[in-house]
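Two complexes, one shared chain (chain A), two partners (chain B, chain C).
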Partner chain A sequence: MAISSNHKFRWHIAVFLAPAVLVYTAVMIYPLFNTLRLSLFSEVDQQRVWVGLQNFRTLFGDALWSDQFWNALGNNTWFFIIHMLVQNPIGVALAAILSSPRLRFSAFYRSAIFIPTILSFVIVGFAWKLILSPIWGIAPGMLDAIGLKFLFQPWLGKAEYALTTLSLVSVWQYVGIPMMLIYAALLSIPDEILEAGECDGITGMAAFWKIKLPLILPSIGIISILTFVANFNAFDLIYAAQGALAGPDFSTDILGTFMYRTFFGFQLQLGDPHMGSAIASAMFGIILIGVCLYLFGIQRRLRNYQF
Partner chain B sequence: MTALKLENVNKSFGEVHVLKDINLTVEEGEFVVFVGPSGCGKSTLLRVIAGLEDATSGTVTIGGEVVNAVPPARRGIAMVFQSYALYPHLTVKDNMGLGLKQEGQPKSVIEERVARASKMLDLDSYLARRPAELSGGQRQRVAIGRAIVRDPKLFLFDEPLSNLDAALRMNTRVEIAALHRTLSASMIYVTHDQIEAMTLADKIVVLRDGRIEQVGSPMELYNHPANRFVAGFLGSPSMNFLERSVEGLPKGQTLGIRPEHLTLDGKGQIGGEVTHVERLGGDTNLLVRTEQGETLTVRLFGQNTTPVGEKVRLRFDESHAFHFDADNKRL
Partner chain C sequence: MNKARRNWGTTIAAHGVLIAYTIIALFPVFVILINSFKSRKAIFREPLALPDADSFSLIGYQTVLKQGDFFLYFQNSMIVTVVSLTLILLFGAMAAFALAEYRFKGNTLMGLYLALGIMIPIRIGTVAILEMMVSTGLVNTLTALILVYTAQGLPLAIFILSEFMKGVSDDLKNAGRIDGLSEYKIFFRLVLPLVRPAMATVAVFNMIPIWNDLWFPLILAPAEEVKTLTLGSQVFIGQFVTDWNAVLSALSMAILPVLILYVIFSRQLIRGITSGAVK
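Presenting the complex of A and B:
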């Protein structure tokens, strides 16, 4: 500080930072704090009144609310687990296959796999709803064509399958992102290290497990946390495919749809911005805790390798 | 027994013909250095021997066995890479032991071989460290240790010293020479540095444009270069080539004189003017521009006070001169 006080205040720094700070504050920081603030109020006789933590007491204490909340959190956790167990391993496997120099048309595959990621969730949700429809969908016909029609179920319509089905649709849509990140990480491993492995007899699958995988662990860590944040903020696909009631019987209800219904209201339910803000604050807390656990618990143990 | 035999080895990358009809024999226990300017194919040749590249045609025989279709790990070779190529996620110990572990060697054998190599290379106190926590010279030794534990029939070094600073390079060079004596293993060493080649090799292979220019012991090559390229490549400062400055030289011929074979002498055959002086303490190098406009280097032993701009005459002994014809072949 003593050193900088000798200098003239450098206005240009503030000037150049201002646009980013203003935009970020307007669209991120202000709404975040305002949401946290709103959750501490309630509306009584069309007057906004301070209620402290009462909204949270209702959310966690009143069975009418807490059952819904725990249902949404449980569903959301399952949604996340499916992504971690299916999306990320498949992403890693695709990247490993794509990075093989012997694969032809790899640029084509890379683009084809990545394209769903840039599609709108509305298109994806609607398209899969049509594909899987028992009445006019193509899934029953296609299964019939290979003699597996007995496997067909109205997956989106049964409470025990709907959430898993939607999770897999989301996996299909977003698998390109871990694939691309891992692909970049794999390309950054120097050839000489892999050749040294070749001289040591470590080729093929052994090269993947013993050399490449340990070296891309930091990237896998980053992907995991990105997946966590994206999944616990998810809303769009469920809304597009199942509507805000996240049917059947709330079996696909996740925190995002629960929050949406509460905040804006849906059908017979009246919107309650204050309870909605309380749910949004709880989501913020959950994500914050998850990210902190990752940053302090896991990322510190991952080594970043400089080649 | 011969450690390595190459017969008519060719290598092309698409249209580019990188190695052209390489024939070479490396005897058991020999230290062979491949030397040549960058792009001459020396590293490619080493990679063909290692099995990291397949020869387009020709046979590679290691220890009496044709290995063209044998993967690198079963060729009985070990390679030390220019960038060391250590596994960044493994400790020094695991870096050295991974190859043996992959072979399925029992733990006790791995322990013992790693211990032996680390003792030889003074790595005992670093065994638990990862490559990122080592200096360049230490990483280099780990890379060599990783080669030693495999107990190969043939060691391959790909420019192993080029990432080290000058002082360390000298030390490591001596260590590699000592290692060769201790292990009495066959080694092939690729470098573009002719000093490394001269100091380490039992046999030097000079390559240019994918062809072997000459093979021989360092002094054979130094004293009897087959052509102008070899003559100019070995020796530092490099040989002077004169076309006009010496009287009586037939047209088209080139005269080669090493800088140390020129002396200042008032009655010398070549006249010129000193354009630059490098005083190294032990030696003094003079750059002289001859009256005919050619530049040559004179290496004088000890210190010399000749100033820049001085007119000098240079003398050489005809017995030390090399003659090259118009095709740069030695006469």
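Presenting the complex of A and C:
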């Protein structure tokens, strides 16, 4: 039979695939499922024992845990909402301005506005902590200069403002990403479409709302899901600015910091890898739900225009 | 005439908005950098003034260099970033070539499997990753970080590179086959040089998150001799929180390498994003 000689095993395919598949499976996929599995165990007398869903019952049922969990989830949701309401509209607006034809220095603006995005959370967290600090007085000094000093509060130190302030710091840092992606999407709109609109008298702002915005909706969808995933496993900024206790009074606690504290322990509480895994599994579930909603709910309704 | 004036108005408004936002974006970085060169008194007296002959001081930098081992941290960050990027590019390009070039059973399934990691963050598996690193003795080594970052970078790298490799002409590869080149030589000699721009894009995308990561250094490699620059500056600043000169200098020293890398690679990065590589 000719088939067997044609379809002899092609070793080179295996050689090309092996390194990537091995590393990816061993360091990413296997630990992911192992973490889900570990959430079903607990430690009794230094022995790992199977407890089924007990950890989840504790996490959602025991007031000591569930209060913290819902607090973290609520804070995380607020963190996400601020990103969607502030970061993405600013990003779209900046991109729309940048993409206007014959704008001078646009490359400079683009590079400069993107700079915060390349800095680490540690730098950003501390830099803003210093600037907003009442001791240093840059923020109150500047508010004073425009006669608004009464507005100043130690924003990071007050439970009612800290989370919103940190969300806005994160927005400040990441505005560059939606800006760039939307900018790319706007550039890919062919001139003929805009010229056709112009012939029908649609120019300026009307052209943006009626022609460009509908065409960049798929990009806005992608940005939303990227923001969602990034926000629901955020950790660094809160940890750098407020520490593992996510103060004041846990008001900036999000799922990432909650998982870190549980898993690693802090001060008097001992670390508990199994409860940590349970929280990680909950985060996995949340991210999975978000991604599925996007893939099956939103992305399918958005038509991708191919030019 | 009227139209020309209105155009002027919109242009000025556009520049106004962009300049305002550029100032917002750069202001904190600027404040940190200028104050790191000032004496303690000047930092508090006039935080927004540029350092002059009177207020100029390098005391913060002296403290940082004496107390923290920033050169070691920098070296660790460099090793982790460069080795991880090399592995991501090499392994990613090989797998992408296999997926783009050959038709075999399970090709689509393999592609989907490798793409899973684009959406699911690797941090979710931290508990089991730490357990694995402890049991293999890799905790507190740079190898642990390199493995994690390689695994994290591969999915997107394979996705982007295989899109590009589908565009490499078949005639070229078949000509190579007729000349008796092995599949390996076709990959390394013919295909890799052609996808160099895409490789650069992947490298730049991965470089920043790896360099800036705090989570995995904190959990997998917190020991002094393997600290990365991000973790090192975090710990240093935490200890010296009342020494403003030292904190500002440490922040500046953490900002500068990234800023220099950005100046070198920004064109590549922006071209990568705007060419739709992440769509």
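Keep in mind that, in the parts below, the second predicted complex is superposed on the first by the 299 of 307 C-alpha atoms of A that agree within 3 Å, B and C clash if a C-alpha of one lies under 4 Å from a C-alpha of the other, contacts with A are read in each partner's own complex, and residues count from 1 in each chain.
Basically, a residue touches a chain if its C-beta (ideal position, glycine included) is under 8 Å from a C-beta of that chain, and two chains touch if they have at least 3 such contacts.
Nothing here was measured: the structure is a model prediction, and the numbers come from that model.
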Superposition on chain A - do chain B and chain C clash or fit: fit
First (chain B), second (chain C), both or neither touched by A:240: second
Partner chain(s) touched by A:150 [first = chain B, second = chain C, both, neither]: neither
Chain C, chain A and chain B - angle at the middle CA centre, rounded to the nearest 10 degrees: 80
Dominant toucher of chain A (residue count), chain B or chain C: C
Partner chain(s) touched by A:38 [first = chain B, second = chain C, both, neither]: second
First, second, both or neither for A:210, with chain B first and chain C second: first
Touched partner set for A:50, first chain B, second chain C, both or neither: neither
Which of chain B and chain C A:296 touches, first, second, both or neither: neither
Which of chain B and chain C A:12 touches, first, second, both or neither: second
After superposition on chain A, the shortest CA separation from chain B to chain C (Å): 7
Contacting residues of chain A [partner chain C, same complex]: 10, 12-13, 15-17, 19-21, 23-24, 26-32, 34-35, 38, 90, 93-94, 97-98, 100, 103, 105, 107, 109-124, 126-128, 130-131, 136-138, 141, 172, 175-176, 180-181, 183-184, 187-188, 204, 219, 222, 225, 229, 233, 235-236, 239-240, 256, 259, 263-264, 273, 276-277, 280, 283-284, 287-288, 291
Touch list for chain C against partner chain A, complex: 10-11, 14-15, 17-18, 21-22, 24-26, 28-29, 31-32, 43-44, 47-48, 87, 90-92, 94-95, 97-99, 102, 104, 110, 113-114, 116-117, 119-132, 147-148, 150-152, 154-155, 158, 182-184, 187, 208, 211-215, 218-219, 230, 233-234, 237, 244, 247-248, 251, 254-255, 258-259, 261-262, 266, 269-270, 273-276, 278-279
Residues of chain A that touch chain B when the two form their complex: 190, 192-193, 195-203, 206, 210-211, 214-215, 303, 305-307
Contact footprint of chain A on chain B as seen in their complex: 50-52, 71-74, 77-79, 81-83, 85-89, 98-99, 102-103, 130, 132, 146, 150
